[in-house]
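Working notes for the structure below.
By written order: A, B, C, D, E and F. Residues from 1 in each chain.
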Amino acid sequence: MDNKVTVSRKAHFNAAHRLFKPEWSDEKNLEVFGKCSNPKYHGHNYDLVVSVTGTVDSETGFVLNLKKLKDIIYREIEEAFDHKNLNLETEEFKSLNPTTENIAIVIYNRLRPHIKADQELEIILYETERNFVKYSG
Amino acid sequence: MDNKVTVSRKAHFNAAHRLFKPEWSDEKNLEVFGKCSNPKYHGHNYDLVVSVTGTVDSETGFVLNLKKLKDIIYREIEEAFDHKNLNLETEEFKSLNPTTENIAIVIYNRLRPHIKADQELEIILYETERNFVKYSG
Amino acid sequence: MDNKVTVSRKAHFNAAHRLFKPEWSDEKNLEVFGKCSNPKYHGHNYDLVVSVTGTVDSETGFVLNLKKLKDIIYREIEEAFDHKNLNLETEEFKSLNPTTENIAIVIYNRLRPHIKADQELEIILYETERNFVKYSG
Amino acid sequence: MDNKVTVSRKAHFNAAHRLFKPEWSDEKNLEVFGKCSNPKYHGHNYDLVVSVTGTVDSETGFVLNLKKLKDIIYREIEEAFDHKNLNLETEEFKSLNPTTENIAIVIYNRLRPHIKADQELEIILYETERNFVKYSG
Amino acid sequence: MDNKVTVSRKAHFNAAHRLFKPEWSDEKNLEVFGKCSNPKYHGHNYDLVVSVTGTVDSETGFVLNLKKLKDIIYREIEEAFDHKNLNLETEEFKSLNPTTENIAIVIYNRLRPHIKADQELEIILYETERNFVKYSG
Amino acid sequence: MDNKVTVSRKAHFNAAHRLFKPEWSDEKNLEVFGKCSNPKYHGHNYDLVVSVTGTVDSETGFVLNLKKLKDIIYREIEEAFDHKNLNLETEEFKSLNPTTENIAIVIYNRLRPHIKADQELEIILYETERNFVKYSG
């Protein structure tokens, strides 16, 4: 028993996107991605679960202060993605296809530097209630 | 007791939109609608509850056949709105601001002709889990 | 302002059923009710919301004691329907087609005698998360 | 058709309380309210749905600006009730028994002055997922 | 970092069943399985989460095309189980007791041949909101 | 393939608490824990998921009888915590700070002796829908 506990915090953001690879023709994009590649965009209410695993601090009884985690998620993810067009308004997705898989990886990479090195980080991202992905580096 | 029963069916669609009045300047749109007026759009998973109130048919035990209601919602609403940009790709919102209120009214007006005259229709539309509207004509 | 408040209690039961009218041929049952008429039955987790509207008792601050409502629902509905075959094991549905509409009406009629005459009763019954009905006499 | 639409906003607060009438003995409180009357308190995550019904403003497409409603709920309800002991730390419940019915009425009375006179207000308050009340004046 | 991502898809089916071992007497079945062994069956809305873990294809940004996974689940699971009596109408449960554990294993075995050998598969099956199982081979 | 399956059961309890370390001053408690340290307490609807992983018994088709797990959770957790003040009325939290992390560890330790030695146990505890922790020894 190593006393490790996983602490999770839910957040969400609403964004527009389209599945699109700039190096492909419109026809190929449509063929592979179907209506998700609509050139005029569609959008989602993304639900995000950020989980951090580590030992419980015997002073505070916390793995980490959830208030601080909430602030990091707000600053690094919600301010960057909420009410945005992911393809046009975020640096990462100007060249990278904003699939749920890739958005989860980008979120992980944005949050990882703010989590202690000896703590593990896991991202669950819901594109809809029925489609979601998990990534932990 | 009049034996009236309300039958409800849930559906959903994912769409991009922006709150925007074409007759206002960008500044005024931004001032009134805030980040919801982002010119590059954002989006939502819209959840829709369609309710029909009427008497129960003593033959079938149905107010109406839910399979038929599901098909009407699919044809009139999902095909028109799902994976679309509401401002650019639907007739109604080229001139009408796509607030949740107005989208619910448009959905009501699209479905009303397909529901029997002596049955009542109510629309509940969730823009997010926390914001939703109800309209019944 | 009449100080009326509606108090609601959720319950559930799991049951087997088939949509079936004994006076119709198997062919007609199948034609009207489709796979819901499978002669070997299918089943659901039914979610039930029972709502009672009345004035707040100034002594207790209650419209009614929810503990008592919970007991009435348990005795009148859950004991009768939970883990049962509605068509074969409940008196009402031996001759009545167990559509969601009819089940809600039967539940209303079972509970109504146990609710005070000057209080209103409303039943919401979910057959699935997507299909549900409402009945209030 | 009067073009009336109902707009709803969800909020929540976490609070401690006990069901308790100061004018009754401890024995009578325990007899009527059971474990909900534990003198050392218990608590809930209260979920609140505030609904406002009115005509849609043809300028904005809004019944009311949800951002403003969110701010009113925060100021009048969340700041007063969140992370509080309702019996000890809110004026209304020093003398009034904090049943879900009474909390909903108090919330209605706190919000009513901030909603336009020609708009209707409805409060739904969940004490738990299974127990909830509705009040509209 | 191996760039592995888990992609999940939700589905559901409604079925009748009873817990029953043909080699036991009715008395022993009733003693071990209680009301879940009702000889006239009961039923559930089963919720299913199918998760596939693998590397992200750098061309598409997908672990796998969710549209294809949805089609596989429909063909292999929903067509076989939805609106069916599991004990009487599926090959596997004619001899195998349809506990949630066994249904999850059967679903895994039906889907495994359709998932690439270097991808992992996990099944979560909800019999009710409160009872669920997880299986990954 | 080792035929291991994880079986989960949901439960819940409603309790009052405050984050508080008796060896710290009120000022330090307030500084570190903010409004969660309100000396008059606040409260939550705690949702609990208990998961047990083991091999499926070939006789019963069960990892364990969920009815028995439900009874263990009721006796060891719900009776001890439901409608209680965690700081004042449970042995463990008289000296231990009732953070979600610590409550999950206490629940694990209370349940572990009742689960077979060759089965794994995992606790997920939701303090709110947005904040939750996981612990497995």
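Here is the rule we go by: a contact is a pair of C-beta atoms (placed from the backbone, for glycine too) under 8 Å apart; a residue touches a chain by one contact, two chains touch by 3 or more.
Computed from a predicted structure; not experimentally measured.
Student: Counting residue numbers used by both copies over all numbers at the interface, does the subunit D-subunit F contact come out same (over half shared) or different (under half)?
Tutor: Same residues, largely: of all residue numbers at this interface, over half are found in both copies.
Student: On a C-alpha centroid basis, what's the spacing between subunit B and subunit E, in Å?
Tutor: Centre-to-centre distance between subunit B and subunit E: 34 Å.
Student: Rounded to the nearest whole Å, what is the centre-to-centre distance of subunit A and subunit C, using the mean of the C-alpha atoms as each centre?
Tutor: Distance between chain centres, rounded to whole Å: 42 Å.
Student: Where the CA atoms of subunit B average out and where those of subunit D average out, how many Å apart are those spots?
Tutor: 28
Student: Would you give the residues of subunit C that are in contact with at least 2 other chains, written as numbers and ranges?
Tutor: Touching at least two other chains: 129.
Student: Identify every two-chain combination in which the chains touch.
Tutor: After working through each pair, the chains in contact turn out to be A-B, A-E, A-F, B-C, B-D, C-D, C-E, D-F, E-F.
Student: Can you name the residues of subunit E that touch subunit A in the complex?
Tutor: 1, 3-11, 51, 56, 59-63, 66-67
Student: Can you check the complex and tell me which residues of subunit A touch subunit E?
Tutor: The touching residues are 19, 21, 32, 34, 96-102, 104-105, 129-135, 137.
Student: Provide the residue numbers of subunit A that touch subunit B in the complex, in ascending order.
Tutor: 12, 14-17, 35-36, 38, 40-45, 82-85, 88-89, 128-129
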